[in-house]
Structures are given as C-alpha cells and as structure tokens.
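Notes follow the structure.
When the chains are written out, they are named A, B, C, D, E and F in that same order, and each has its own residue count from 1.
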Amino acid sequence: MNKKLAIYPGTFDPVTNGHIDIIARALDIFDEVIVAVLVNGSKTPLFSTKERLSLIKESTASLKGVKAESYDGLLVDYLKSKNCNVVLRGLRVATDLDYEFQLATANNMMDTGIETVFLMTSANYTFLTSSVVRDAYSHGGRLPKFVPPAVHTALVDKFKK
Amino acid sequence: MNKKLAIYPGTFDPVTNGHIDIIARALDIFDEVIVAVLVNGSKTPLFSTKERLSLIKESTASLKGVKAESYDGLLVDYLKSKNCNVVLRGLRVATDLDYEFQLATANNMMDTGIETVFLMTSANYTFLTSSVVRDAYSHGGRLPKFVPPAVHTALVDKFKK
Amino acid sequence: MNKKLAIYPGTFDPVTNGHIDIIARALDIFDEVIVAVLVNGSKTPLFSTKERLSLIKESTASLKGVKAESYDGLLVDYLKSKNCNVVLRGLRVATDLDYEFQLATANNMMDTGIETVFLMTSANYTFLTSSVVRDAYSHGGRLPKFVPPAVHTALVDKFKK
Amino acid sequence: MNKKLAIYPGTFDPVTNGHIDIIARALDIFDEVIVAVLVNGSKTPLFSTKERLSLIKESTASLKGVKAESYDGLLVDYLKSKNCNVVLRGLRVATDLDYEFQLATANNMMDTGIETVFLMTSANYTFLTSSVVRDAYSHGGRLPKFVPPAVHTALVDKFKK
Amino acid sequence: MNKKLAIYPGTFDPVTNGHIDIIARALDIFDEVIVAVLVNGSKTPLFSTKERLSLIKESTASLKGVKAESYDGLLVDYLKSKNCNVVLRGLRVATDLDYEFQLATANNMMDTGIETVFLMTSANYTFLTSSVVRDAYSHGGRLPKFVPPAVHTALVDKFKK
Amino acid sequence: MNKKLAIYPGTFDPVTNGHIDIIARALDIFDEVIVAVLVNGSKTPLFSTKERLSLIKESTASLKGVKAESYDGLLVDYLKSKNCNVVLRGLRVATDLDYEFQLATANNMMDTGIETVFLMTSANYTFLTSSVVRDAYSHGGRLPKFVPPAVHTALVDKFKK
C-alpha cells in the first residue's frame, strides 16, 4: 500500500530544525518519510552528499519511519523506483509558490499520478533557511536553537581555520 | 487509526470542479475525506447549508470515501468530535498564504496536534473560485466545464426569474 | 476592423489621474477606448453612474478617441454588443493579479476570443486608487495633483456640509 | 525636539501581544510612543473606543513612555496637532505592503514632512491579528499566550452568555 | 503607422508553447510581432542565438505577421532602430512584477514614448518556463504537449549522448 | 546614547538617488547614519569598495550626520563595534520581505537587542535599483535623474571604451 510513503526531496545543505519540524509533522500522516538528497544541483554545496546524508540520519535518529537517501536525475524516476507517488514539501508563508508549482507541475506533466503535499512550517522557523544558517556560521555566528546538535558541530568544524 | 481521515472545511457556495479535484487528490493519500460546510460564515451564502451539502453529495457520489457534513463554531472542536487531526486545504499559486497560515496557526495555538495539509489545485482551475462562478451565472453566463452538472443546474435554477 | 477598439471597464468612483494615464497610454496602441462604468457593483458608490460618466467625459475631453459609457450585466455581453474583443486594465506593481486573472479567465471561459491587455501605471501613481482619494477628501484632505480638476471640485462639493 | 515621538495608529480591536511587541521595540528608538485609536473606522468594532483605550493602557502600564489616545478624521491633522512627524507601523512578512504604502503615500501627498517607520513583528506573532483573536474567542477558543491578561479577561467577558 | 508593431524581447532558450500562445494573442491586437532574441544575456544559453532564432521561425511558421530577430545592447536602441514603441511581455499570475516594472521603467526613464503591453498567459501554461523545459529534458524527461515539435526534437538531440 | 545612530548596510554598487532618499529620511529620525558598504559579498562588484565609499561620501556631502564605512564579516559584530543597535533598510512596495526578514531574523537570533527599521522609498524610486542603473549604463544608456552627479560621471567613465 504505497499511499503511506512520502518522499521529501531537497538539498539539505545542511538540514535545519525547520526540516526536522516538517519531517516530524509528516510522520503524523505518513508511515514512512524518505529524505531524498539531490546529488547534482546547480550550485556547489557546502557539505558533500555523504556528509548531508550523515547529518540527516544523526538528526532524525529518534524519529521512527525516517530514511535518508540520495538521488540523481529526474525526481519522477526516483519516485517510480520507490513505488511512491507523494512528494512532500515544507511551506513557509513567504515560500515562492511559483517555483514550487513549477516543480510540481513538471512532475505532473510527465506522470500525472504524482501528488505534492505541502505542510506548514512552524512560525518559529518562518525565516530559517539553510542559506541563512551557512551564512551565519561562515562569519563566526552561532545558531544552536535552529539546527540539530550534529549540524552545529559540523558547521563549527567546517569553518574552523 | 485516525491518521487516515482528513477534514476539508470551507463554504462551498457552491462546490466547483476545483474542489472536486482537491477531494479526488486527497483520496490518493487519505482513506476518508469529510467535506465540512461552515454554517455561520460572515456572509450570506447563495445556497443554504442544506443545498450546499446536497450538491456536494451529488457531485462526489462516484468517489469512494467522501462524506459531507456541516459544522458550526470552532473548527478545532469539530475536529475533536471527529477524532481527526488533519485539515485539508487546496492551494492555488495565488492563494493568500497569510490567511491560510492565520487559520492554521489559530488552530495550532489552541490544539497543537492539528496538522494542515495543502494540496495543489490543477493548473486548469488556477483562477476558478466559487465567487467567479456565482458572479458569472448571476449575470446569465454559463461555466459547464468548471462546475459539476448538478451545480450547473442548481445555478441556472437559482437565477431564473 | 474591430482590433483597434479597447474597452476599459471599472467603477471609476471617481476617475483619477492614474486612470487618465492608462487611457492616454492605450491611445498610443488603440484607435478608440471606451471607458465602461459598471452600474451595479457590490458596493454603494460615492458618485452616481451619471456623475461618474460626466466626470470621465470632462476629464478626457482633450484626448481624441475616448468615449464613456455605462454597462450592466456580463462584461462579455457588453463587449459583444460593441463588437470588441479587447479588455484594457491598468497594472500597478502591487496589483492583485489573482483577481485580475480570475476576471480575465471568467471572460475567456465564456468567450475565448476575448483578450485582456494590461498597461503599466506610471510610478507616480503606484499607490493611487479611487479609494485613497475618497478617503482623503472625506476627511477634509486635498489631492489636486492626483485627480483631474473636475474631480477635485466634485469631491470638495460632495463632502461640503 | 519632535523627532523622538512616534504615533502608532490603528484600530486595536483589541490590542494583542503583537502590538505590544512593536511598541516595546519602538521604545528602543523613540522616547515616546502614542498609541492612537481610530474612532470612526468603516467597521463596527467589537470593543468601544473607551474599552480599547483602557485595554491598551492596562497592557502597557509597565512600559515607560507610552500613551494611548483616540483620534478622528485625517491622520495628518492628528499628527500636526501633536507636533509629530513619525508614523509607526508593524510589519509582518505577509503584510499587505500595497495598503501600507497607499496609507503612507496619502499622508505624504498632503504633508511631505511625514515619515512612516516600519518595525518587524517577532516571528512568533507572524500570523497573529486582532481578527484571529476575535474569531477564536467568539467561538469559545482561548489564546492566553497571544493577548495581554486584561484583554484575555475582557474577551471572555464579552462573549459570555 | 508604427502603432501596429510590437517587439517581444526575451531569451527564448528555447521557445515554448507559452511563448507561442502570447505571440498568437498579440496578433489579435498588432499587425506584426517581432520576436527579439537577446544575444548577450548574463547566463550561457543552452541553444545558440542561431538555433533559438531557427526554432522560433519553425514554430511560428503558420502564424502570419511574425518575425524573429536577435538584438544586442539596449532594448531602447533596438526599438528605435525598428521605429517601434511597443514592448510585448507575457504575464503569468506568479510573474515577478517587480522585475518587469524595473525593465519597463528603465526603458521609460530613457525614452518616455515606449509602452510595455502585458498579455495574460493561458492557465494551462501558468507554470511553464523555458527553465522547467530545459531541466526536464536534461534529465531524460519529455514534455511534448508544452513545446513545439521542432523544439522537442532539438531538445532530445541536444541531450543525446 | 546609542539610540540615535542607525547603520545602513548594503552593497551600494553604486549608490543611487533611492539610497540618498532613504538616508535623508533617516536623518529626520536619527542623529547619525553610517552607510556601511559590505566588502565581501558573493558577487564581483562593478565598483571597488574604495570607489563605492568615495561615491557615497561625495553624494552625501551636503547631508549633516552621514558617514560611510566598509565592513566585513557579521553585521552583528560590526554593529557591536559601533555600539549601535539599529539597522536601517529601505522598503520598496515590491521588496522581497522574505529576504529582509531572513536577514533581520538572523541578526535577532544572534543578538536580540538589534532592531531593523524600514523606511519607505519615494514612489519615484519604486523600480530603481543599482542593478537597473549598472545595466543601463553598461549598454550606453543614461539615467541622470536617478543617480547623483558623481555616480553618473563614474558610470560613464567605467564603461568608456
């Protein structure tokens, strides 16, 4: 019964408490969530695919039903390989819905059985993005309330001279 | 197991093919969807609560797992009475996310277990709202591709002099 | 040759310099512009249909190719009666595109030959609406740079005790 | 030296913790903040002007430099009467900037010395509005973390049968 | 009589059915439309200028009154060289109006006679952009309903190993 | 008394009349404004840090209370070094509030005493950005009404062959 699996794609560079919040909410609705790290995005990531997967796994260790995998190529093909038809996305009030709908529509154009499910990020995380986190730590800032402990440590390490 | 039930609240004055599209998509994810018609909204509806429920039932007769009910008072209380923690909402690219997040947050403020799930409306229905439909029929227009047959007939009747 | 006529529908309660700006720009592209005052909108207007038409005529007297008319019912039917397929709308950066697209799509749903043309309002008029004008004059304010002289006089008269 | 006074206009029906947050932030920048309750808005308020002023005073009693007053007519005239040239407004990420800029521009059109200063609402209050509060309490909901104690009590009283 | 010519500038990398839709609509209003391919944009295009022009020509062969040209430098200068004062742009509900208005205003700042005309993209193409198309085909996806046949073939060829 | 100082951070590549407008408005509220040029942004600037500082100084020479400085690293640290807790930002109607709130929130996450104050740009400058200016001059355009004279000269020089 494939309706209970959702795939949560993204770059997760790195995973933040906002992502963890979405994953935890999704587990109220789905039996299993696969966090799917896109391998070849257009930008050079701060953390390697392996590091990003490792940080996701460590940060979701206490949540039952979460897996972390990487994928390359079309999301549609990855979904098929998992026999899954649900894409999960987090929604902030300022989310660029145009971009989200372009992604979702492109998936629909090619395989109409795919559904994108949006869950609302907690108000506390309204302005939290991986980019804000990277930027803060790169300049010596610290955001321990907004990233999992493993990510905090990894970021401090990454920017240590 | 209450995770498989979703409640889809709204005024549905009247239900359109856009709403039917969301209901059908939700049935890929949930086992049951209750379409919940709000009784005492701030505006005088075109169709009575009874008429709106009847049109929803007729228009979703071929979909397995759909119920239509009315509710009054706090959505949170209605959800509790149904032992349900999932609110379903349709999302158009131009959706007023602020309003949706105000609603969802008000629910969360009072009962943190409630989750709002947003599904994307089909591109064909991006600009279809009950208000557009009412306005067209009230001036003698016809939109048979955008409303269920029962709604088309009810609208023509309603505005017949 | 009906392609040279555009119909500019609205409430024009009252016409402002922003509207005049759009009309003047449209005359660079179309041979004739009919300013079409909607008779039965949902709100009670400040100026009667007759007053609004009179103010438009006076304010556009120096522009060649402008007519002012009132219409009731479906815009689509009014366009047909004029053998016109072009609707003209002004676009401010903060325009509610959703509302505009709902209107335009409703027209398209019923008569696919109708085209909506959007022209950009001058930056000076970015925040100028009839509502701002009514509100200012009703409290004793004056905006002579933002409304035609005839409208200024009519507003001062209207709110004189 | 009038640059240290800011006037914070609104309906405050009722004042929420979001408003209190903005007032407290403003006091880091200005020496005095006058919370100015608009008497004759277009809608019938839940609380009378007198009640709204009383709730603001009680809720800001611990903040040094805050006054609450009511005003009627043009904001510009009220500012002049106070010898003040700064309007204070709270900004949520989903704030309708068009509406805010229409207000601010109307003020500027009539008296160019007036400046509108926007301060950012705390993320916790991103979706908190007086309307959400009124709606929740009217249906028996309670939001004690989002309104001052005096407002909570007044709301419970107001909707007691 | 130069009012009947419109210039439709863009990168068209590649032209999609959304662009063709706008061109066809424009031909209801203008006698001639020049599709103007910008040569030196900031990004490296997938298709060369020559390829893009060729695909536009092939895809618009059945439309009377369409030309395809390339231009470099200021759009204002290109318009002057064509004795044209109308810029044509497609408008999706999620269009970044700020960007469009920056472009249009920059043109106006330098030559006030230039008018930008916006036409509304069909709802079917609300989320269709050249970027979505490139991304899909680059990963092995196919969108034959959303691009002209010549573009489909060219994309398949381009990404063939 | 540090409440009278505001720091206005940005790239200012180059400073425009829109920036000067914000600085002049801020001087109605603050006693001193430091225009703070970010040294290491992600993009290669057109003008060097030294050139940008020099253009700001020359363009604000007639305004009392303005300084121009450069800074590197975290804005929070720079503010502390200046004993300042107020960040100044200009707000256009189409401002990306999400980006602004991400910045402001990141500052708040690390030092809750920092306040971001937004002032509204004049309607004339609604679509004026440094990017529009650079683009126009690079192609031979001229915008003397939108940049200070020193910037106009510097831009003409920069793109002279």
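Throughout what follows, contacts are C-beta pairs under 8 Å (C-beta built on N, C-alpha and C of every residue); 3 or more make two chains touch, one makes a residue touch a chain.
Predicted model only: the values in this text are computed from it and were never measured.
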For this session: Give me the chains shared as neighbours by chain A and chain E.
Result: B, F
For this session: Starting at chain B, find the fewest moves between touching chains needed to arrive at chain F.
Result: 2
Problem set entry | Proportion of interface numbers common to chain A and chain D (over half same, under half different) | same
For this session: Could you compare the number of C-beta pairs in contact for E-F with that for D-F and name the larger?
Result: D-F
For this session: Quick one: report the Å distance separating chain B from chain C, using the average Cα coordinate of each chain.
Result: 34
Problem set entry | Geometric centre distance via CA averages, chain E-chain C, whole Å | 30
Problem set entry | Rounded Å distance between chain B and chain E, as computed from the means of their C-alpha atoms | 38
Problem set entry | Contacts with 2+ other chains: residues of chain D | 93-94, 97-98, 101, 104-105, 123, 126-127
Exercise. Can you name every pair of chains that touch?
Worked result: A-B, A-D, A-E, A-F, B-C, B-D, B-E, C-D, C-E, C-F, D-F, E-F
For this session: Could you please specify the touching residues of chain B with respect to chain C in the complex?
Result: 92, 94, 126-129, 131-132, 135-136, 139-143, 145-146
Seminar exercise, completed: Per the touch rule, the chain F residues reaching chain D in their complex are 3, 25, 28-29, 85-86, 91, 93-95, 97-98, 101, 104-105, 113, 115-120, 123
For this session: Provide the residue numbers of chain B that touch chain D in the complex, in ascending order.
Result: 73-74, 76-77, 97-98, 101-102, 104-106, 109-110
Exercise. What residues of chain B sit close enough to touch chain E in their complex?
Worked result: 93-94, 123-124, 126-127
